[in-house]
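In this document, chain identifiers A, B, C and D correspond to the written order of the chains, with residue numbering beginning at 1 in each.
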Amino acid sequence: MNTKVTIAGVEFKNPVTVASGTFGSGAEYGELIDLNRLGAVVTKGVANIPWPGNPTPRIAETCSGMLNAIGLQNPGVDVFIKRDIPFLKQFDTKIIVNVCGKTTADYVETVERLGDTDVDMLEINISCPNVKEGGIAFGQNPKSVEDITKAIKAKAKQPVIMKLSPNVTDITETARAAEAGGADALSLINTLTGMKIDIERQTFALANKTGGLSGPGIKPIAVRMVYQVANAVNLPIIGMGGIRTASDAIEFILAGATMVAVGTANFVNPYTTIEVIDGIEDYMERHHVDDIHSIIGIVK
Amino acid sequence: MSIKKMTVTVNYQKKLAKDVYSMWLAVGSMADEAKPGQFISIYSNDSSRLLPRPISICEVDREFRSIRVVYRVVGAGTEEFSHLKAGQRVSVMGPLGNGYTLKQEGRALLVAGGIGIPPMLELAKNLDCEKDIVLGYKDSQTFLASELEDYGNVYIATEDGSVGTKGNVMDAIRQHGLTADKIYSCGPTPMLRAVKDFSVEKSIECEISLEEKMACGIGACLACVCKSKDVDAHTHVNNKRICKDGPVFNALEVEL
Amino acid sequence: MNTKVTIAGVEFKNPVTVASGTFGSGAEYGELIDLNRLGAVVTKGVANIPWPGNPTPRIAETCSGMLNAIGLQNPGVDVFIKRDIPFLKQFDTKIIVNVCGKTTADYVETVERLGDTDVDMLEINISCPNVKEGGIAFGQNPKSVEDITKAIKAKAKQPVIMKLSPNVTDITETARAAEAGGADALSLINTLTGMKIDIERQTFALANKTGGLSGPGIKPIAVRMVYQVANAVNLPIIGMGGIRTASDAIEFILAGATMVAVGTANFVNPYTTIEVIDGIEDYMERHHVDDIHSIIGIVK
Amino acid sequence: MSIKKMTVTVNYQKKLAKDVYSMWLAVGSMADEAKPGQFISIYSNDSSRLLPRPISICEVDREFRSIRVVYRVVGAGTEEFSHLKAGQRVSVMGPLGNGYTLKQEGRALLVAGGIGIPPMLELAKNLDCEKDIVLGYKDSQTFLASELEDYGNVYIATEDGSVGTKGNVMDAIRQHGLTADKIYSCGPTPMLRAVKDFSVEKSIECEISLEEKMACGIGACLACVCKSKDVDAHTHVNNKRICKDGPVFNALEVEL
């Protein structure tokens, strides 16, 4: 049975990875699961310089979901290169580095710094709803998606995945813009902007007022967007948004995702990725699927 | 030390005071290494509630490989836990965090308020020195005080004055002229701030346990940070992760 | 204690109503609850002529939500005027009629037909994701929102509420467009477009492929949008999206909604509206709020 | 007839066959008016699952004000129900729908397949005439057959031939040359289609019970429609609501 997939020349032993920001750089979850099992590790977003992130509370629970406004706290790309890449290189898994920035120059600087390192792919976060500058502002306008994709592609030594925001009227427009800009792949969805109010204290549950909604509750939106994008562009898709079980992951694959990422579910059950990997194989066996490629995007 | 997530069995549950429950969980090997000041994440059986509820380890029974938690019902998650009956199952992850650094000589002062009191029990059991234990409650709905008496001199403060000193833990400390070589504390932030100030004033080493909303519970998501005095070695900003670098900090390390 | 609210001159005894399409015209739920208790009944969408709606399956359950693609099945405005208005007039509650259409002319025709009837307000659904023509197409473009609002306002004898779609990049743009077109109030949110795939049968869970996501899982998105719109326009807002308890309703009120509507929760617990009405009063008592107006939009 | 939603107690639960469970619920006044062919909506105790699970009334015990349901575990909701133990609570709404029209003279033919069999039991108990009862199963995992024998002549068909006629219910009807003055049927759509064709061919009055995904269960949301031959009086289109206008329809009214 083949579960290997290849995106932009990078071969993944299976189509299961983690969603950026929910897994750190793997060290913590590595105490609970065998990182060698994963198709890839996608790291927490990293910028050209350290970011302190937002004040707390940074998260709030919602029905079948959660809001986060971490604000892309990160140690900066220097520390990342020195500490996190060597850590991840110990494992037989691919490394995808999620990159964030406030300006195009920030992104490009980080991408260039990563150029000579041993990372396999870059995932560009132009869809974070929790920072004032950069992030989502880039990701909601097709023109700026195309521009930033181009600027990054001009300097990137590794294949580039553009991570799209679901907070748009028509996600196929930003997807096409990323394709036009030369993206090698797309990942979707990032979180949906949400808000929770603490009615007893009559204030926002998050210090940042709004946060990004993730988790099983948003899965139907994510599956719809993956389906739309898969039928609109010719790029491989990493699908995510609420994946908690192998069945969820298979929904994304049938809708058109070549890979899937587990995010919020890691918090609920740290073994989710492993269960998803095993569950996809069970499903393939049960449905007599020899090669995972024969089910990618077959629901039309 | 290895963290595990597992489904465990409730051995026993009992109400201690209004909205305060005590529950023993048969956690197997998780009990072998659990230390005072560490916590466990308890998960809801309702699949609409995703995030773990961090609850301090109140007592460890290594022989029966069990952990005791004492918690207050404040929302849907703790409400759900309060209905668990012996024999029922619940998912937990742990042991989490670092725990208190035990100083076995001299005199220890344990200062805790409200639902910060539970970790003091396992701590008191493991501290082999003279102990004064100051407990703050809102009113006469006290809990764990008599159990703590087995391990040290217990002083109580209540906001309404119904038991012990009227006021807060600092009032009780002053009233009884308590001092120590080391302070261990857990409770609401205003109390910790006062305890920290007191420790600084008296130059007493002081460890405090902090609280913040958590998602992963193991240091990966950066939800639960507190401000640290110095740039933190892991995060490279002035943020420490309460779940991983804490919940116990040297009072001087963190800003409250 | 005052829980009365007034929108465009229409006084509602309390701020609680139902979300269109989840309550029929009240007859069925009238067997379970006392319709006299409600601030208003918002009816299922009605068009100028009968619509057959979509093929089945029309609904699918999701985590803390559901997808629906009813497709606005309705008996047409003639039957509605003859049967449903007289039924609702028996009760001491306001009548808000939800209007749908395929073209501006359809909407205007229905609105005109309702002009001489005893209905208190009109709610214009320009945000249904489940019909090929009309619906959401109108609601995603600010220019067309303004135009259709104007066209309807020119003919409407009752105050007009425009119902906004959450499937947009910036809901304050469509809100401002509705305001510019002369809307008397806004209601939000309609459902988010979603998809569910039946992985065993390898096909869509809904015959319509996509459907509208509603229920508690989407509440954080709805609260955020109500907050944004309340701070962007000067129109009263009817807030909805996942309200299941009085606490949920109060979140919307604190965020800026003058009224709230219970939708999907009617299916889970037919007594929800009554519990929400009672719960809002309890909250006001507990927080010493004499007049509900003093908490509308106070979280800023 | 009045519909109620209430939280009720499980009296008794038992496994009848692989994945098939029988559960008695103490439903109070809901039992007073329940009729054969009606159903109840059962709600999940897990708040992430919002929609009711419609389940047919299998038996009514008016004396003990209880309703029996027999259901197959096919997904998360029925899986959850199968773990309910006597004394535990579950929310139900009912009685819902119209039920079968009982014709007490002549000969009745009850035809049911798989998880369409349960409503036949209360129906058979309430039909005071000669009854032939044809039951279709996949294999030897039969259920309710012996209970139905108390009320009529039971004929079984199994797909794998392990019990009774090899084939489907129509094969059994033909094999035994059964005929009737009225047919009552419940089961999968292809079976209902065959039963309808048979009834048309033989000019026998026929009532069938349909299934569709439901949200409100009471006729308000228009989720559960089927195609009707004529323009329907309520909807004014060719759609009938299975939950309110059905689930039992005269076979001629609806298109399958």
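As a convention for this text, a residue touches a chain if its C-beta (ideal position, glycine included) is under 8 Å from a C-beta of that chain, and two chains touch if they have at least 3 such contacts.
Since we're looking at a predicted model, the values are computed, not measured.
By number of C-beta pairs in contact, C-D leads over the other of B-C and C-D.
Centre-to-centre, using mean CA coordinates, chain A is 46 Å away from chain D. Note on chain placement: the centre of chain C and the centre of chain D lie 35 Å apart, centres being C-alpha means.
Centroids of chain B and chain D (each the mean of its C-alpha atoms) stand 55 Å apart. Multi-chain contact residues, meaning those touching two or more other chains, occur in chain D at positions 47-49. Shown for chain A are the residues that touch two or more other chains, namely 63-65, 215-216.
If you sketch which chains touch which, every chain touches every other chain without exception.
Chain contact summary for the complex, chain C toward chain A: residues 62-65, 67, 140, 167-170, 192-197, 199, 202-204, 210-211, 213, 215-221, 223-224, 227, 242, 247, 250-251, 254-255, 283, 295, 298-299. Residues 21-24, 28-29, 31-32, 44, 50-53, 56-61, 63-66, 68, 70, 73, 75-76, 79, 215-216, 264, 266-271 of chain A touch chain B in their complex. By the touch criterion given at the top, residues 47-48 of chain B touch chain C in their complex.
Those residues of chain C whose C-beta lies close enough to touch chain B in the complex are 63-64, 216. Those residues of chain B that touch chain A in the complex are listed here as 2-5, 43, 47-52, 93, 212-226, 234-239, 244.
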